[in-house]
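The two complexes that follow have subunit A in common; it is paired with subunit B in the first and with subunit C in the second.
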Partner chain A sequence: MAARRTRGMTGSDLSRATVARATAIAELLRYECSILLELYRKKESFTADVTVTESRLVSVPPPSSQLETRDKLWCLHSALLQCRSFLERAIAKEEEQLGGGKKGDYETQRKMVKERLTILLINTGELLKTAGGVMVLTPSSEGLELDGPTILFELKLWIYRIFEEVDYWTKTAITTLQALPSVIAKERARTTRVRSMRSARR
Partner chain B sequence: MFVVIMVCARVLQLLALACLGSALPARVEADYYLMVVPQSPVLEMGTNFTATCVIINTSEVTADDLYWTLAGTTVPKEQYTKINGSALNVTVPITSEKTEWLMCKCKKKNTLFFIHNEGKLIHGIDLKKGYVPEKPENLSCVAVQQKQYISTNFSCEWQTVGRQTATVPTSYILYTAVLPGSGQPYKEPTQKNNTQVKLGDTFPHYMTLEVWVEAHNKLGKIESEHLKEDSGWFVKTDPPSDVKVFSENSFPTSLLINWTHLIPTIRLKLTYRIRYRQNGTQNWTDVPLGDTASNIKSFRLQDLQPYQEYEIQVSCKNSREGHGYWSDWSTIVTKRTPEARPTSKPDLWRVIAEGDRKNERRVKFICKDPVLANGRIVSFDVKIQDPKDKVRNGSLEWKNIPRSSQGKITDLKQIDLADQKSVRVYINATNSVGKSDEASLFILAKARESELAPVEELKVFPHRGQLWLEWKPPNSTKLVSEYVVEWWVEGAQIDWQKEKRNTTRTAIKGHLDKFVCYNVSVYPIYNGWIGKPARKEAYLEQGAPLEAPIVRLHKAGRNQATLNWTEISRGSRRGFITNYTIFYTSGTEVHNITVPANTASYTLTSLSGNTKYDTWIKASTIGGSKISFNHSFTTLRYAQGEMELIVVGVSLGFLFIVVMTMLLCVYKKDVLKENFWPQIPDPGESTIGNWSPDYPLKAETPRENGLLGISVLDVDVCDGKCVFEEDKASLSLKKGKYLSEEHSSGIGGSSCMSSPRQSVSDSDEGGDMADTTASTVQYSSVVPAAPSGYKGQTPNSQPQQALFSRSESTQPLLDCEENPDVLQQEGSRQSQRSPPRPPRCTDGADPAGIAEQQELLEPLDFCPLGEDSEQATPVDGQAADWLPAPPPLSSYMPQLGGYRPQ
Partner chain C sequence: MPRLSVSPSSQPNCSPVWLISVLLGLLAIHTNAKDVLTVPQQVSLSANMYTQHLTISWLGGAVTTFDLIILRTELNETVFYETVSVTMNQVSGRHQWNWTSVEPLQCTSLSIKIRSRDGQTTSEWSNTQILQGSDLPSNEKFQMYPQDRIVPVGANTTFCCIVEEGLLFGTIHYGNTVMNTTRLSRRSFATTVVNQELSGETGTNVVCFDNQRTKLTGAVVFVGYPPLPTDFVCETRDLTSAVCQWKEKRDTNLYRKRGTRYSLNKRNCTLSSPEEKQKECSVAQWEGNFTLVAVNPLGQYSLTDSAEITHRVHPVAPDNLTFVVHAWNATVLWQWEYKSYPSLALDCQVELASQGYKTKRTFSGVGLRSVVLSDLYPDEDYNVQVRCGAQQNFWKWGSWSKSFSFKTNNYVPDAPDVWMWMNKDYTGQVIWKPLTQRQSHGLITGYEVTLWSPEVNIQHTELFSPDTYAVPVNLTQIATRSSDNKVMATVIAKNAAGVSQPASVLIPLRLTDVEPLTVSRAVYTDRGFPLFWQRNPNDTWAYVVEWYEASCKWDCPVEWIKLAAGNTNVTIKSANFQPGVRYNISLYSSSSEAPELLQHWQGYMQELVPSSSVLLSTTQHDSDVVLTWREIPLVNRRGFLLGYNIYISGGSQLTLLANLSDLESRSYTVKGLSQGLYNFTVKAYTSAGEDKGTTASITLEPYTDWLILEILASLGIIALLLAVVTFICYKKRKWVKKAFYPDIPEPKLSGDWSRSQGPLDVKPSPHSLVHMVEKPEWDSSKEVLVVIPEEDEFEGDEPVDTDEPTSLRYYNQVVDERPIRPRFPDSSDSSASSLDSACTDVTYTGIQTSGSSLVFQLDPQGSSEGHQPQADLSVCGGGGGGYRPQMQSRAPSDDIGLASPEPFLEPQAASAGDYKPQSSWHFDSPVEAGESGGLALSLGSPTSVASTQFLLPDGEEHAEEQRQPSSSAATWFTNLLSSTKP
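And now, the complex of A and B:
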C-alpha cells in the first residue's frame, strides 16, 4: 500500500467516526479488562466466592439519562480518569509491594489495559470537546483512596477492586457511547434550530 | 531575481568578513597571514561556490599577490574577484563529488618577509559536496501479528530518491503519530530505507496513525507524503490456523472447511479468502470473495469432482474494505472427496500386431479408466461381438476383467482375428459405487481400413516442454467423430489420448521423456470405426548423441580413402541426426567435410600418398554433437595399377635391352668376336724383320677385359671406320699410348702375359718419358723387370725359355727401332740365349700362330687367378676413365707426328 494523501472528513463524519472509534476502543478495553481480571484471579487463586464490596472507588455520579450529553461525557471521562489514576497506583503498589518479578501474561495485560484506558480517555476527551466545546478539567484526586491498604490481602483485594472498577466504568462507557450518536444528532438538530430561531428574532 | 540573491549573498559574505576580522582568535591571527572564509562549507553539487581569501595582520602582502588552487590545480584568474587590497574572492563550479581542498596561496617573492613567513602565507578549506535530499517515495508500513495481538513494532520502508555522497550522506527519520493524541510522534532515525518504530505497549487499535519520513542531510531536509490511516489499515495478520477439511459420503462433490484465528474479533474483524485445486494440478480456483466476506470460521466447497484429492488454503485480512494486507496463505490441507458412480465412459483402444498365422491379426484391447471415474475403478466388463454373430446370437455375455494394479492401462483381452473379419468390442468400468456407460470400438476387416482416410499434413513438434501435434482433417466424406493420438517408444507400452472432432492442434498430455524418439500416430475415428493413421517420429527435446559412430577405413588409395561409419543405435541418438562431419588431418591442417545424415560412407580425395592420416567423425543433432575416436590410416605409396605399370614398363625395358643385345650379338658378331676373342699373333710367325716402325702398327685393342672391349666396340660403331681404316697410323700410336698406360707388356697384348705390377711400377718410373719418347722407353723399362719378376723360377723346359727369350727380345727390338743395324746383331745375340719371339706389336700374325703361342703359354701357368683379378679392377677403372675422355687421344697426336720420323 503506497502512501495516500489524508482524506478530508466533515465535522459530522468526524463526530460519528470518533464515537464509533471510542466505542470500539471501550469494547476492546472491556475485553482486555476481563482477561486481566481472569489472569489476576488465576494469579491470586481467587475463587468465585471472593467478591469485592459494592461501593465504588470512583467518586463520580453515574451518568443519567437526564443529563445532557456533555455532562454524561464529562462524568464518563472523569470516571475513566480516576480509573486510570487508580490503575496506575495499583500497578505501582503491586510492583512496590510484590516486586517487579518477571513480566508474564498478567503484567503484559495489565500494561495493555492501562494503555488502552489512556487511549479511551483521549477519545472521550475528543468527544467531550466535540460535544460541548468546553475544556474538561482533570478531576481532583483528593478524596480518592489512592494510597491503598498496606496489608497484603487487603492490597490484593484493593487491586482486584480497581480492576473491577475499570471493568465497570468500561461497561458504562460502552453504554454511554453507544447511546451518543443519536443524542449528538438530536442535540445538533436542536442547537441548529435554536440558533436559527435566535437569528430570526434578531 | 538571481541577481538579487547573488547581491544578498555577497553582502552577507562581506558582513561575515567584517565579523571575521574581529572574531578571529588571536592565535589564528598570530599563526597565519591568510584566512579563507567560509570555513568547512558543505556545497551542493552543480552550484558555484565563492570563497574569500583575507590578508590579515600584514601589509607586506596584497590581494594581487594571492592566487587560488583547487585540488592542487591553480584556478584561472578569470574566476578571481578582487574585493579590496586585502581580500580576494574566487568562484569555482562544484562538479566533482570528491572532497577537494581550496587553497589560497601567496606568490613567491624574494622579500625577507616572504622568506621568513612562507608557511604562514597559505590557507585552505575542505570542500564537502553533496546533494540536497529529495522526497522519499512509496512509503509503506505494516504491523504484523504476534500471537493473539498485533505487534507494536511498526515496520516501514520507502524508496529513496536522488543521490548522496559519502561526505554528505542523507539520513532518514520515521515519524509515527497516533491520532487523536497530544503526545509527540514516535521517531526512529535510520540511514537505510526501512526501519521499525515501537508504538508504545499496545497496538493502537481503532486509532489513526500518521506516518511520514524525513530525509535530511547537511544541505537540507524534506518530508515524504504523510500516510494517515486507521491503524487497521497497516495490519497484516498471520494466516488462519488449524485449517481442517471434512468430507461427507452423502456429498461426493463437497468439502467442508473449518478454521480458527488467534486474533479476537473484538480486536480485529477479519475477512477470508479460500482457494483450492485438484491435487497435482497447478492452477488454483478462488472462491469468490463475496462468499467469504463475512467474519466466518467455516466454508463449504461445492461442485467438486467426486473422488478427487483437493488442496485447500485460506488467507485473511482486516475485514474493513481497503484496510490491511492479505495474510500469507495457510499451509495446504489435502482432502479427497467421496466416491460416486463413473460419469464418463472408459477409454478403450487396441493394439494390432501380426498374427501367428497368415492372414490373421493379433488384436489386443486395452483401456484406461474413465476420465470421470469418480472413484477407484475396480474392474471392467468387456464384450467382444462379431457383427454377424449379433444377428445370430443376439448379445453375448460380459466378461469381467479386474483393473490392472500396475499403471493406468489395463490389458483387457487379446484375440487372433482373421484379416477379413471385423469385430466390435464393448466395455464399461465399475467402481465401488456403480458402473459407467458403455464404450465401444470397431475393428474393421484389414482390407477396409484403408477406406477410411487418414488425417493430412500431420506435424509433430516440441513447444514449451510439450510435444504438439497439428493436422488437417481427413479428406473424406465421412464424418470424424473424434481423433486418437497414439504414441509409443520401442520396447515400451503405447499410450494414447482422445481428442474432440474439431481438434486440429493438441499437445500430448502423457509423460514424455527427453531425448527419446517417439512414434506418434493420429487416428481419425469415424463413429467407432478406426481410420488409417498418419505417423511421425518426434523428440520432446533433442540432445547430443550419447555415442559417436565408429569410423573405419574401407578402402585406401594413393590420393583417396573411403571411410565407412556405423549408424548410432536408436537409443543413443537422442535426436535426429542432422549431418555427419568428417575430420581428417595429416598432422598439420585439419580438414572437415559435412555430409548428410543418411550417409554412411564417404571417400576422401586429394590426399597425399604414403601419408598417415587421422580421421574422426562428428554426429550432430540440433541438440549437440558427439565426436568419435580417432581412426588412423595410411595412404598407399602407389596408386592402384601404378605398380603394375612400373613392373610392366621395367619388364618391357629389360626385354628391349635383351632383344637389342641379342640383335647386336647377331649383327655385330664379328666385331664382338674380335673384341672379346681377339686374334693372338702367333709368335712363331713373328719375325723381327717384318716389323719396322714404318710398318703400320695394327690397332691392338686392349683385351684384358670384355667390357673394355665393348667400349672399344662402341667407339668402333661410332668411329670404326676412321679408327680402323682411315687413321690406322694415329690409332696405332694411340694404342701404343694405351698400352703404355695400361702397363701391358705390349708383347702378348694380354695382361695374362705380363705382370701388372711390373707394368705399373715401370709406368710410374717412366710415365713422363712415355709421353714424349714413345714405346722405346717402355720396352726398355720392361726388359729389366721381366727377369726380376721371374727370379727364382727355374725354367725347366724349352717353351718356358722361349717365353722369357721373347720377353727379353723386345728390348733389342726397341733398340732396333732406333738402330736397325744394331737390332739385327742384338737379335742374333738374343736368339742365342732364348728362342726368338715374334713382336707382339705386329698384327699380321695368323690365328694358328696365336693358338700355338697359347699352347705354349698354358703350361706355364703364368696368369694366376689372383693376379688376374687384381689387375682387372684397375684396368676397368682406367678403361672407364679413358673411354669417355677423348683428351688422351688428342694428346697423343703430337706424339704421332714426333714418332713417325723415327
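And now, the complex of A and C:
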C-alpha cells in the first residue's frame, strides 16, 4: 500500500467523463450479469434457495469510507481483476468438464460478461492510473484457488459462486464509481482549504 | 446344530468300560466330524464404489452352500439374506461371492455375516464384517452419492444424501422434482429415480437440502445412449492411404470426456470436429479390412468394411486451374496433388456456367490435366470448375476444384436484323434490332447505314452511335429520279474486332400503291398470336411478319420476325403486347425483290370494353326520336365492336330498346312516343362488354299536324252542333214562332191596292232606312217588299243618320213561299246564307259607308240542299246593285265557299271599327250572348229587314234595347217567318 501511495495524487485529477463511462459500463455489466445468473439458474435448475455465498472468493480489503479515492479504486480494480481470473477459469473448467455439443444463449451471455468485465477493468485501470495507483494484482493469480472442485456438482456450485462474485463486485463497482465525484469535490475543497491556510501562515 | 461335546475321563485304567468309552468317543468324534459344519473364516470384503459391487470372500472348507446376510449396520435392517452356492477357488481355497447394492455403498455401513449350510444343517455365523459407509459420525460433511454417474436412458438410479452432522434432513430434488426418500441410517436418506430420461448437456442435478434449506449438497447424473455409428466406409484419395468415414445415428448426449471414443483398426482416431455428424478417420496404408470401434461410458459398437483400393478411388480436386482463352473456345489446365494420378485413367467433368445457366461436359483420359472447351461465345464470362473420377471401377466423383472465371475474346458482330417502316409518303425508317451480347461479340462501337439505289447509282452512307436502332429515311429525291421501285438499305455493326456482315432490306418506293388486302382477325392465345397462311408451292421466298399498334399512323414502332421459306405458320410473341390495343399484323414476302404484303391481320391481346362512348345526338320527327351517334375512335375501342345497345332510361333503370349489330348503321329511330322527357343511352360493346354509354335527353313538343287536326276536329264538331240546332229549330219552327213571334196581323186595306206595285211609305226606325228592292230578274208576279235606300231616295251623299224619321218603302212584291233552309248561326255564314237564301236585296240605309252586308235572299232554285254562294253571290251582286261593302273589301279569293272560313274573317277584322256590332254578335261569344239575352237566337239570322238594331254600335245597341226590348227580335223573326211562310 505504501508503495502505491508514493505518488500522492488525489482524485481531483480524475476525469469525470472516465468515471461516468466506467459507471455506465459497470451498470451494463451488472445487467448482463443478472441475465447470466438467470440463464445459469435455468440451465442447472437451481431454485432461488440454492445459495452459495458462504464467503467471498475474491480477497481484498473491505471497502471503507476512510480509504482515499486511490485506495478505493485500487481495491475495486484488484477485485475485478480477480473476478476476471475466476471467470476465465470457470469458463474453461465448465467447457472442459461440462461442455456440450451446442452453443446457446448461456454461452453467448457468458462470453459477453467476460468481455464487458475486461472493458470495465480497462476503465477502472485508467482511473486508477490517473489517481496514481499501481495496477498490481494483490494477491497474485497464483495465490487464487482457481482449480475448482473436481466433483461436477461442486464445480457447478463453484461456477455459480463465481458468477455471483462478479455480480457482487459489479454492484460494488457501481457504488464506488458513483461515489467518486462527491469525493473529488470534497477533496478539491480540502485541497483548496489547505492551500489557503498555508498562504495565510506565510 | 450338532454340538461337539468333549467329556473329561476320571480313571486312566483300561477297562472294558474305558474301551467302550474310547470307542464311543471315537464314534462321537467321527459323528461330529461329519455333522458339525465349518464356520466361515476370514471373511473379507472388497467394494467397488462406482459399480456398487461388493465382493465377499471367505474360507469355508468343502461346503458349497452358504447363507449370506447383509444388514444396514446402524438400523440393523436386512438388505440381503439369501442362501447361495459358491464353489471354492482351488487355487486360493477361498469362496467368493459378488453382490451389487442398489444404493451406493457409501450411503451407510453394511454388516455382512456368512454361515455354511448343508441341507438343513448350518454352521455358526461368521464374525460380522462391516463395510463402513460415509455416514460415520467422524465424517460430518453434507454428502451425496453417487457422484457424476453416467447411466443409460431408462435406467433406475438410487441416490442417497448424508446430512451434515447437526443438521436435519430436508428434501431431495431430481432436477426440479422433489423425490420420495427412505431412511437408511441416522443421517442417510435415499431416493430412487426410475426410467430416467435424457439429461441436459451438463447432466441433471440431484440436490439435497437440509430442513432449513440453508445448506445443500448434490450430485450430477448424466443420462445418455451408448454409441451407434453407421455408414462406415473407407476410400482412398492419394491411392495409398485410407480415409474412413461414418456417421452417428443418434446423439449420445454425452460430451467431452464422457463422449464417444473411436478406434480404427485398433488405432485411436482423433476427430477433427467431434460435433460433426459425419466423422472421419485415416490410416496411412490401405489394409483392405477396416474395423471401427466406438466406445463411451455406456457401451461400445463395432463396424467393419472391406474393399480393394482400386475400387475405392475418390480423386482429389484438380488444383491450380489455368486457362488459354480464345473467342469461340478455351483450354482449361490443372495439376494433381499426388504423383500417382498421372497414371490413373480418369473421367473428368467440367461444369461451365454462363449467364445463369450451367452445363457439364465430360472428358476422359489417363492422368487428364487439360481439356478444350469449344462452342463458347465470344466476349462472354464463364465460370468453370472441374472434378474427376476413376475411369475403371468408378467409385464416386472426386471433389470439385475451386471455381475459376474467364472471359472469351471479342469477335466481329453478327449482321443486324434489319427491317423498315414506310409512311404514306416517301419517308420512313430503317430499323434494326439491338444485337444481344451473344450477337455483338464485344462492345458495339457503332452502326453504318447505307442507302443505295442501283438504277440511279445513288449511294449515301452514314455512321450512327451504338445506341441507334432506327434511322429516318426520305426517298422523295430517289423516287423522283428513279423509275425503279425499290431502294436498298444496308446496315453494318462495328465492334473492336471488326465489322459485321452487311444486313440489307429492300424498301419499296411504291408501297402505298399496294391494294389493301382483306383483314383477318388474329386471336391471341397464351402463347401469342398464332398466324397461318397459305403457301404457294412455287414460292421460294422467306417471310417477314411485322406488327404494330393499329392506331399508329406515322413512324410507328414496328416489331417483326423473319421466317425461313416454307413456313406457313408462326406464333408471334412480344413483351410489348398490351390489353386493349389493336395490332396490325402483316405478312410480307422477303426475297430479292421488295417486300410484298401477302396477308394482313388485326387482333387484340385482350379485348376490353371501350374506354370512351359514342357522341350521341337526338332529333324529334313528329312523335319519333332519331338517335344518331358517331363512331368511337379506334384507340378508344379497345376491342372489336360487336354492336350498339340502345336503352331508354326510366329512373335509374335502363330498358333495352334495341341491339344493333350492324356497326355501319349509327342511327336509330324510336317511334310513337308521346310528349314528355326521354333519356336515351347508347352503349357500344365488344366481347369484353359494354362501355359506360352516352345518354341524351329530349323533350317531345306537340307537333303542328296534330294542332291542325285538333282545330279542324273542333270546327267540325261545332258545325255539326250548329246544324243540329238549326235543324231542330227548323223542325220546331212553329213552336218557335209561337213562342217568340206570333203572327202579326196583316194590315187591312180596302181595295186591292195592296196587290199593286207601289211604294209603301213606312216610317222606319229613326236610325235605319231599308229599301226593299225588287230583283229585276225575279218573277214580277211575286211581290216583294223592297227597302229603298235613302240615297236612292234622296240621290245624294248626305248623311242618312238624321233625326228625321226615315220612311221605309215596302214594295208590294210577292215573297217566295218556299220553306227556308236552316241557316248557320255564324254572322259571316249568315251573310253567306243571306246570299244563298234569297235574291232580295236588303239595303241598310242607315249604314252608308261601310258594314257587313247581311243580304237575305231566297234560293232561286228552291233547293234546300245545295250551297252555291259564289254563284249566288255573283248573281245577287250583279243583280242587286244594293249595298255590298263587304264584297268591296274582299280579294278575289273571297269566292271560296263555306268550307273555308278565312275569307270571312279577314274583312271582318279589317272593318272591326266600323262593324263592331257584328263582331260582337258572333255566336261563339258567350259574353255578348249573355248580354244580349233572349236576342241571341235571333241574331244569327238577320232576316228581319225591319230591324236594324244589331247593326248599331254597342252603345246605341243598348240604348236601342232599352227603347225596344223585344221589337227588334220580333221584327227579325217576323221577317224570317214571313220569308219562310209558305
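Going forward, the second predicted complex is superposed on the first by the 163 of 202 C-alpha atoms of A that agree within 3 Å, B and C clash if a C-alpha of one lies under 4 Å from a C-alpha of the other, contacts with A are read in each partner's own complex, and residues count from 1 in each chain.
As a convention for this text, a residue touches a chain if its C-beta (ideal position, glycine included) is under 8 Å from a C-beta of that chain, and two chains touch if they have at least 3 such contacts.
Remember, predicted model here, so these are calculated numbers, not experimental data.
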Which superposed partner A:96 touches (first subunit B, second subunit C, both, neither): second
Subunit B versus subunit C as contact partner of A:68, first or second or both or neither: neither
Touching partner for A:151 - first (subunit B), second (subunit C), both, neither: second
First (subunit B), second (subunit C), both or neither touched by A:38: neither
Of all residues in subunit A, those that touch subunit C in their complex: 43-47, 49-51, 94-102, 151-153, 156-157
Subunit A to subunit B touching residues, read off their complex: 1-7, 18, 21, 24-25, 27-28, 31, 111-112, 114-116, 119, 122-123, 126
Subunit C to subunit A touching residues, read off their complex: 144, 147-148, 173, 175-176, 200-205, 207, 209, 213-214, 216-220, 251, 255-257, 275
Subunit A partner contacts - residues on subunit B that touch it in the complex: 137-140, 178, 180-182, 200-202, 204-207, 210, 224-229, 233-234, 264, 266-267, 325
